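Heads up, there are several structures right after this.
Both complexes shown next keep subunit A, but they swap its partner, so subunit B is in the first and subunit C is in the second.
Moving on, here comes the complex of A and B:
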């Protein structure tokens, strides 16, 4: 059944989008900063995953280390830059994040880090089985993405709703100053927010690296632009909105673009959609004024 | 004692000084941060190249055509700024840059990925010149013109209107400044001047490729404005001279060009958000202090 097959492919694609966009949404929710350097964190995650996988040969270890390192990189980015710009005009952290993005992407392309070439990440499906039904079939790699995404989202959901720091995050996302006034440790909450969001981006980097069996220095560019589209669609700063928007974008890509064909390349169309969205529904499909 | 190489570098610096000054009108005066300036640079370059290659028009017509066409397109592409601000305007302009480059790359009329080649050198009264002192003079004359436009904008009521739009849109509207109109003006002036720079670039290089105008180049121009001092007449000039000449003259800087641009943006935002010689920056304050005559009191606003 091509319809069901398209649908399941779209859901798998959406998984990687969600992981990428969730971090951006979380940062935007609390800091109101468009964290453009998030793309670099995603690439760093994939790179660390590649290093650990070639060294140890174990996918799960590679994923864990990649998430940890990306999380730490995220916290460092916050502590070294945005931390000092919380009260500055909004263009200040914005320009800093553009600078960080250019700097990290350029550094990653140098020979002593990733170099300018694509590298293979042959983890296969990490031993997961192929799922074959009469409706659709999922390759082991797709199963892997689905399992990891759902597991990570469940963990994030539990953290944000059941733990002290998660509740602090929710309060800070509503009103930063008010949350601080009622005793939320903003420094810890924001640092944690960066850790979690960046770890998710790192996981997305590893998963996409495994899925395409390739890791390269500019692999973060395209997913991050799509992540911008997703957080605009989802109404900035809302996690459920992000999930729905990821699914929507993946569905549109799989059904519409793949079947209709196009004059301009796919990504240019995605940007046209973004510009039109910004002009006519700047608060997202679900967001309110 | 001036070799051809030094003159080429000086021509490039002049073109980028023009770009930085023109972006400064939009970002510095009117407060609209744009990551799409390279798109307007490209539209100017492609317009003039097509006018001269496909229609055989003389250089001066191409030049004016590039300025007018880019200005008009800038007005249209500035429309998103009426709906979105700050971060999301940055996204929209970035998107515009991608779409424009995609059009250059995938539409055959614009030469596709192979670009446009054999753009003729400009000629006046049968004397054609590419490079050398005449071209240098032409480029810097246009840079001076751009500076004069910036000066005019900053000293007149247009500048005051831009200023209010930058500081507080609601307040600007309340005192009778039409915010949408001045935003569109800013986009039109800024992109028209960038289009002129694009024409000068295309006729100097002689060939155009879509990849020259990608969004990273927009970041380069933005870095020049921010590094020098956003919203001043001197800052973008100094920023463009330093950031364009350094990679040409120093090998190390060329290899790590984007690392350095990026790091500069971050460092300036951390320590000197007003830029190297912007108003209220450390260097500018000590410089003005140095040259202030004894007995003249502090002039604070």
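Moving on, here comes the complex of A and C:
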């Protein structure tokens, strides 16, 4: 029983990692920009989710509005910063991105926005049932995370494989200049890419806020680097790689703590996995050499 | 597509982005310093008008940005509330108090330079740390060398007061609180087997050492001991391990955010064991974040919310009225640090550093504090006071037990 319970807990944790890292992977895939400020979008998503939930008391509405606002914020970030740096050396957008993350976090911490205190987001499991089997149990919150993660991934898969703009994204991810040359509207594709990726980060923010019943201005600090570990592990720009890497990381973290305890903080474990990966397979699990 | 690095917007953005974090790093004064030389009055004050006295400056630092912003803001709010109380009642020796405060972001290097600034530039008569142990340890030697007294509000590392004869504390030393925790678990709760979860920093490790020393004397068996990192949110795997060893009690050192996740997940995973915490849990935020899972959790702390003492009631009411949030233990400690300092200034009748330290050392049965009473200060400049144990019932902390055994609550 402990094995299955740890496994199900790890899968739920992986769900939150996937949503956060998927947007980063998508941005990297097309722009080759390390978008640190993505973690601020995650916090903004959680904040909007908290506001809407407090006001309306409905989790699904809160999730929808948070995703919409996060998506718009993502597009604005692109239009106001990276858009002007596409041909600059890669360190330029990276530095801008770090600055933007620090600025947005400090801004969110101001009293008129989120303030310094953690706030509860008591959405529970949004009415979903508890799943109890003889091997493992999932709380309503955990069921909620799994349901939302799987549903959003399915939508992203359909968009990227069945729509014109999704195919444009795939083309741009392979070769931006060539895609532009054959008539892909790069501006639209990139803006859409930011919208979708940021909306996923917003959803991750709301879900983590509900899972830990806590929303605060510096909640993006940890995901800001953990999501990077995941996209490097998965192979930069590969969505399936991101999913596998998220699962792998969550499993390693959970089972190591459950079997031998906190020999290392969970985040240090993540970095250790990253270093091993860089030593033996620098292009990541599913990345191209 | 026209793409140039030198697009004006891009340049402006980069410059702005570069500046913002830099600006955030320096100690930013949040109070306009009063000019040291007041303009000479143009006409002598009439006898009826109250004399405008030069304020007595008290230095204060706490983290109001960064990861520790919640505690730093509570501490600053409460310190300002105390100054307001004192000034509304006529100040100290006819002079109003003025709090000169800076944000140290809980960083030792910033705290040390703030301490220098408070002493040299602002010329404060004494300092109060509303910050964490690391930052407080860095500031203490600066105050000690300058011969200016400093009080640590809630930073509990033993080294802070060991810095020298000018450095005092109002919070209970972690080792003492840990021993009281051992007494609570072994005697009051009568547990035989205990599992220990320690937050891996000065705070957690010192508490656990104190706990184990008392638990050992009482013959309580420690069936499991684990350390976890600051900021951990996922306790489910460790809860699974605790279930296997089936203790009577889990003694878990944590701050309120880790504590809220711990008790919520313990409930989710069906761990039906009494959880015992300490002052890190002592924030209304713990109950807000953990919800029903916080019911029945017992902690040791300095603040007794059910106390009938007038200053405790006044503090809890006024804090809520002023800031719209319920007060926490950190706030109570910062409030008390200002009260102790005001008492010392009154008793000394001057702002002479030596007279202030003598007055604090001589403090006896001090009642003008939110978390007291303070019985007296030891020679190691640690306060001796009863330690309270609180239980969460119906969504609020209530008195569970009071430890008044002087031997138990005195630092060794």
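To be clear about the criterion, the second predicted complex is superposed on the first by the 275 of 289 C-alpha atoms of A that agree within 3 Å, B and C clash if a C-alpha of one lies under 4 Å from a C-alpha of the other, contacts with A are read in each partner's own complex, and residues count from 1 in each chain.
Here is the rule we go by: a residue touches a chain if its C-beta (ideal position, glycine included) is under 8 Å from a C-beta of that chain, and two chains touch if they have at least 3 such contacts.
Since this is a predicted model, take the numbers as computed values, not measurements.
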Contacts of A:13 with subunit B and subunit C, given as first, second, both or neither: second
Which of subunit B and subunit C A:34 touches, first, second, both or neither: first
Touched partner set for A:81, first subunit B, second subunit C, both or neither: both
Which superposed partner A:255 touches (first subunit B, second subunit C, both, neither): second
Partner with the higher number of touched subunit A residues, subunit C or subunit B: C
Which of subunit B and subunit C A:103 touches, first, second, both or neither: both
Partner chain in contact with A:185 - subunit B first, subunit C second, else both or neither: neither
Touching partner for A:92 - first (subunit B), second (subunit C), both, neither: both
Contacts of A:58 with subunit B and subunit C, given as first, second, both or neither: neither
Subunit A positions touched by subunit B in one structure and by subunit C in the second: 81, 84-85, 88, 92, 95-96, 98-100, 102-103, 106, 265, 267-268
Partner subunit A, residues of subunit C touching it in the complex: 1, 3-5, 7, 9-10, 13-14, 16-18, 20-21, 24, 64-67, 69-70, 72-73, 200, 226-229, 231-234, 236-238, 240-241, 243-244, 256-257, 260-261, 264, 268-270, 285, 288-291, 325
Residue ranges of subunit A touching subunit C (in the complex, touch as defined): 2, 5-6, 9, 13, 80-81, 83-88, 92, 95-96, 98-100, 102-103, 106, 109, 115-120, 122, 137, 139, 141, 180, 186-187, 212-214, 216-218, 221-222, 253-255, 257-258, 261-262, 265-268
Touching residues on subunit A, where the partner in the complex is subunit B: 32-34, 81, 84-85, 88, 90-96, 98-107, 110, 225, 228, 232, 263-265, 267-268, 271-272, 274-275, 278-280, 282
List of subunit B residues in touch with subunit A within their complex: 31, 33, 35, 79-80, 83-84, 86-88, 90-92, 94-96, 98-99, 102-103, 106, 216, 219, 222-223, 226, 256-259, 261-266, 269-270, 273
